[in-house]
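Each of the two complexes below includes chain A, the first together with chain B, the second together with chain C.
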Partner chain A sequence: MEEVLKSRSGDAVKKQKVKNIIIMLLPIAALVVLFAVYVAIILANDYNLAINLETIVNQAIVLVLVATGAIFIFTLGSFDISLGASTLFSATVGILVFNATGSLLLLFLTCIAVAVACSLLNSVLSSVFHLPMFVMTVAMLSVLTSIAGTIITTNSTSAGANPAISVSDSVLRDILGSVDTVWFKVLILALFAVVCIFVFNFTKVGRRQKFLGGNPVCAKMTGIPLSVYGIIAFVMAGIGVGLGAAVNVTYTMSVSTGTASDIGMSVFIAIVFGGMPISGGARSRIYAAIVGGFSYIILNNILNLLLSSVDGRYGYVQIISAVLFLAIVYVASINYRVKHLPR
Partner chain B sequence: MGNLINKHQLKNFGVRTAGTLAVPALFVVVIFIICAAQGVMVLTSSSLFADFVCYAAIVTLTTFALSINLGSGRFDFSLGSMATLSAVASAQLTYSMLGGGAGSGIVMLVFSVLIGAVAGAFSGGLYVILRIPPIITSLGVALIFEGITFVLTNGTYIMSEVQNDSMTLFRTQWYLPAVIILVALAAVYFLFDRTKFGYDYKALKEGQKVSINTGIREVPNAVWCYVICGALMGTVGFLQAARNTYISTNVLNFGSISVMFTAFLPMFIGGFIGRFSNDKVGYLLAGLSMSLLNSLFAQLSLIGIIDSSSRAIVEAVLLVLFLIFLNNEQTCRDLVTGRIFKKWAEAARERKAAKHSREDK
Partner chain C sequence: MDQVINTTARREEILKVRGMTKTFGPVVALNNVDLTLRKGDVLGLIGENGSGKSTITSIVAGMQKATKCDGMYYKGEEWKPSSMLDALDCCGKGRGGIGMVVQESGTIPGITVAENIFLGELGQFRLFQMKNGKSFGPVRRKKLFAAADEALKKAGIEHIPAKAPMAALDFQSRKLVEIAKVILKDPDVLIIDETSTALAQDGREILYKIINSFRGTDKAVIFISHDLDEIMDVCDTLTVLRDGNIIRTFERAEYDPDEIRKAMIGREMHGDYYRSDFEPACGEEVALKAEDVCLGESLKHVSLELHRGEILGIGGLAQCGMHELGKVLFGSLAPKSGRVTAGEDREVRSEAVAIKYGMGYVSKDRDVESLNLSASIKDNIAIAGMDKYAVKNFLILDSREKKYVDRQIDELSIKCSGRDQLVQQLSGGNKQKVVFGKWIGCGSEILILDCPTRGVDIGVKQAMYRLMTKLKGEGKAILLISEELPELMGMSDRILIMKDGEVKKQFMRSRELTDADVIGYMI
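Now for the complex of A and B:
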């Protein structure tokens, strides 16, 4: 009898393990399918595959860099909606420094330093004054957007109605152009992802952050300080934002008030698309940002191609991608249903 | 004994009144000082006063809507998109029926409330069916509503549909938005403070599991909360259309979300006032205070002292300062009374004594 019970419970554990692996691989499988569909559509329409793939990388890279750093914040069960504003502000300061010095290194260092400073201000103020993090980031969103807007308007190099700071010097444009390649961007992303994976998976930082996100009370009682790991999370997010801002400058060679305006919210979509719960905790994964970010951008591009002749297609694209987003989250969360409504 | 009770009641009444009026009074005093220093005046004409009431209505109703779900731990990013969608759909519907003629305003208001309520029901329905965290559902819903708004208008501005005499009344006659505020306040107060639905809502807010175990039905309660939020945001969409005389519909990629950020500061101020009286009254007083501040900003921008960027920074700083006060109230009180210095001195003495005792050992 005992043996039968043991084998039954063993089967159940095995089944659960297989189910968990399938759910874990689902986002990656979805990315592969989306990529295959995208390539098929490009080839069927005789479009240039290389150019279109480059477009995908250019569109996704900033989102993926920012989202990868933001995983550390989301793991704690917290979130930062000022990431887009922080990207805009860092890019604004970065482009001013680049226009003045012509140094690529200074562009990257400035963007990272400004973004980390903004992130630190968020986390330090909230931990010193015991402020709720999300409200702090709401305030930061307004402040950073307004300051960046003022800087852009004052230093605008465009004569039109939309103020923007551009890199107009041809020598400086050549310098930016030299790094505006897919390989350079992929290298930046790979390096940052390796650092994040190392910190997240092979040091106590990641383990403790998952513990804090999963059960903050228990983690606190075992002596893990939320403030310290909160600051580390915001620093990592700041580095991602800084890299995203610098890469954005190398690609667009200009910064306007609309730069990265949707990044803050798209990060949520990317992370959830990548199979990570927004509540953080033990199921947090660094790769979720990369997989989810690329999936989201490829999906939007597929829909744009399919609906290219429809009036108001951008609206339809957004509706369909939102429905798919909700459907994917629904399927991915089937295993974690609770009796009462989630909050 | 009777005298004692009267004294106690009187003191209690005094504290409650002072607590309720403290923040609005502070706003009035500070604004009066700034006006005197800069040589400007606020609310000097009937049109400025009407704009003040209209903006107060927008802020108050958005704060009601935000606080309903946020108070229960349901973060709702779709509020702004509900307002825009209801305004656009109701404007198109009304214009197709009345062509901007007499009665357009009131008909559009009714349609806007109804469409908002339907949008809220859709949002709430999706949340209870999918059973995924409301923050994620609201992101999806916001994208869907923004997409529908774009499809309805192809991303262009809605102008002629809302520029008519009937709509102008809601912008120029102060009593119309004032009536909207009073009706909304009465409805929200009645629903949340005087009905079984409201009691259930409060019970679920304070203890979800215990409430469900005692037989309270969470699903219909949550859906009704979303319906009420939708109706409120529909009204906000209508008021914004009347005040701006156009509706901007190019709100794709979360362009509608900023609407909810305007309600954070009044929500926290309202919550603070609510400790002394009623939170709904608190939201109204906070809405009036924010609108007064908005009137001041408008006057200061006319003389070139402040622009929209500085204004956003001031509002964000006010939000942070108020939150610092709320979350460190005892420390602030000690700082004002000077008790904090005594505490520091005591702590220093204790440290010194502990050091001496360690050295003696």
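Now for the complex of A and C:
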């Protein structure tokens, strides 16, 4: 009997390992499939593949940069609804500094510094007032959007209805243009992703973040205070937002009140697409931001192409994305509930 | 394989399970099990952690589904509850179903006791009741609290107010609320899964009274416990499970503790259960000191010294303040006055500081305070010991981490499919071993153990007692908080008995010390 049980148990261990690998690879497989579908649609319609792929990278890179940093917040089981507002605000300050100095380095440093400051304000205030972090981010969303809107309106260089601050000086535009390349952006993303993966997986800080997200009470009883690691998470997210804001300025060479307006929700959807558990914790992965970010953008582009002749296309794309988001969360939660049953 | 209770063979079957199998990923929790329960029975299920006791009862109670089952019958009809509520509701018949009090906490902390008792049924208390049975409007709280008070009274629990927020109750009281919630539904089969270890003597008396009210009637009880003396005392028959199989059923007349233990673990138990010496012994050096510590009504001017190489037992009834004392000593609760110091006058102000000073804390509420259930064994053991294996106190290398974790798994003989297995898939005893591994691995010199053997089978208990003796021998200081007197007397060099937040009496280790000497100071 024992031998039968052992052999059955051995088989089940193998099955479980295979299942885990499949679950881990599923988001990557989904990205590959989406990419293949996208390429097929482009080729079938005789569109220029190179240009369209470059567009994908340009659209995705800001989202992925912000999402990669935000993984640290989501790992804690929290979320930051003000990511978009923070991106807008840092891009606004960044473009003003760039217009004044013409320095690329200062553009990046300013964007990062402003975004980190916003993030720190979120986490420190929530710690001081003993409020959940996401509650602070809701307030910060309004505050940052208003301040950025005021700055943009006051300093608008646009004559149209939509106020915007642009880089109008041709020399400055050339400077921005020099780094507006796919390779530069991919390099920025790669460097940031490597730093995040290192911190997340190979340092005490990252391990503690994941543990904290899984059970904050137990983490506290293990000497891991939420306030400290919350601040670290928001700083990492701030760096991602800053980089995203700076890259956005190099690409668009302008900032309007609509810049990055939907990035907060897009980040949320993207990381779930990438296989990140909505509850954070031990199963959190940095690659979820990268895989999910690209999947989300490619999916949006596919839907836009497929629905190109339909009125109200934007609405349909959003609804389909939302349904897919719910489906993924539902399937993930079923998997979680099954595992969570007591013995 | 079918275990029918012979002495009650005249009685009608109330529950019958045939060919039940349940697997959890790689683990076979139940292997083609048959079980029959008859009216009037109080059936005990006993077995080591992971033997399948909770699995079979949780399937019967609708908490989960069997992987394979040839048939499950309740009162002669096919039994397929879709949920625990459905089972309690007798699959839509209203009353007379199967109710289960689960091993770990099954209440919601953010609401009142009354709301917990009537969870999902608050409609009956709403202001407007429609003829079609629907209701709307605000909940009439006065009526709700009155009904909840009545439900608590029905279960014999009169000291818990229905208005009280659940989070304000201690572990025992939360368990009692769960019992009241189940009893309210008048189940015909009551399953009590390893609940008594969460209860002090007064709570146990309430539970036993409820069990006795089922005995010899048309109803039945399945009682799961690791306490062999208790289960032999409470149950008419005992069914032993091991590795998902039913090994043997003992009639009361056949009860023999050694035989039952042998059936449980599949071998004879050798050696001493508790410490074999009866001489109190400890080092000179004070490892942990509490001076005039006060914490509301829970702790009143408590002072104590814990020495290196000493096991200091803290005993009393559940609400005596001993659990709060453990948390104050570990820096989790800030005392209103007084101070706690570790070693040479280093004040313990938080958990992080306590850990820095070499302290570890095993909580009574293991699943919430000591473990991250959704993480792996590796994550749980490694988290407290990163200072031990991190390169330059910063860099975590997988190889070093695995080596560190595997050492704890081997030394504590944790039964698992591997270090990456999720902790939530482990049995109670193995979960507790993971908690021990977490604190021992990082080299804790001072261990605060709050009910460390709660929900743990005798095999693991013996292993833990041996481990505590070994740690004492290595000069570690151990504070053992326990609601089990035999454990306190069997393991401690000194015992402090607490009542109403105060230390009432100190006993030194002695062969002559008996329960009767101690109990008088507890009650």
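The rule we apply is simple: the second predicted complex is superposed on the first by the 330 of 343 C-alpha atoms of A that agree within 3 Å, B and C clash if a C-alpha of one lies under 4 Å from a C-alpha of the other, contacts with A are read in each partner's own complex, and residues count from 1 in each chain.
Note that in this section a residue touches a chain if its C-beta (ideal position, glycine included) is under 8 Å from a C-beta of that chain, and two chains touch if they have at least 3 such contacts.
Just so it is clear, the model here is predicted, and its values are computed rather than measured.
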With chain A superposed, do chain B and chain C clash or fit?
clash
Just chain B (first), just chain C (second), both, or neither: which does A:I269 touch?
first
Which superposed partner A:S146 touches (first chain B, second chain C, both, neither)
first
Based on the superposed arrangement, let me know which partner A:R283 touches: chain B (first), chain C (second), both, or neither?
second
Based on the superposed arrangement, let me know which partner A:K204 touches: chain B (first), chain C (second), both, or neither?
second
May I ask you to name which of chain B and chain C touches more residues of chain A?
B
Contacts of A:A219 with chain B and chain C, given as first, second, both or neither
second
Tell me which stretch of chain C runs into chain B once the two are superposed: 41-49, 131-139, 239-247 or 329-337.
131-139
Go through chain A and flag every residue that touches chain B in one model and chain C in the other.
279, 339-343
Could you pull out which chain A residues touch chain C in their complex?
1-2, 5, 8-10, 12-13, 15-16, 201-204, 206-208, 210-211, 214-215, 217-225, 279, 281-283, 336, 339-343
With touch defined as at the start, can you tell me which chain C residues reach chain A in the complex?
23-29, 31, 50, 54-55, 58, 63-64, 102-104, 243-245, 330, 332, 350-352, 354-356, 361, 363, 368-376, 379, 382-384, 386, 390, 393-397, 417-418, 422, 424-427, 438
For chain A, which residues count as touching chain B in their complex?
125, 129-132, 134-136, 138-143, 145-147, 149-150, 153, 261-262, 264-266, 268-269, 272, 277-279, 311-312, 314-319, 321-323, 325-326, 329-330, 333, 337-343
Give the list of chain B residues in touch with chain A in this complex.
72-75, 77, 126-128, 130-137, 139-141, 143-144, 146-151, 154-155, 208-209, 212, 218-219, 222, 252-255, 257, 261, 264, 268, 307-310, 312-313, 315-317, 319-320, 323-324, 327-328
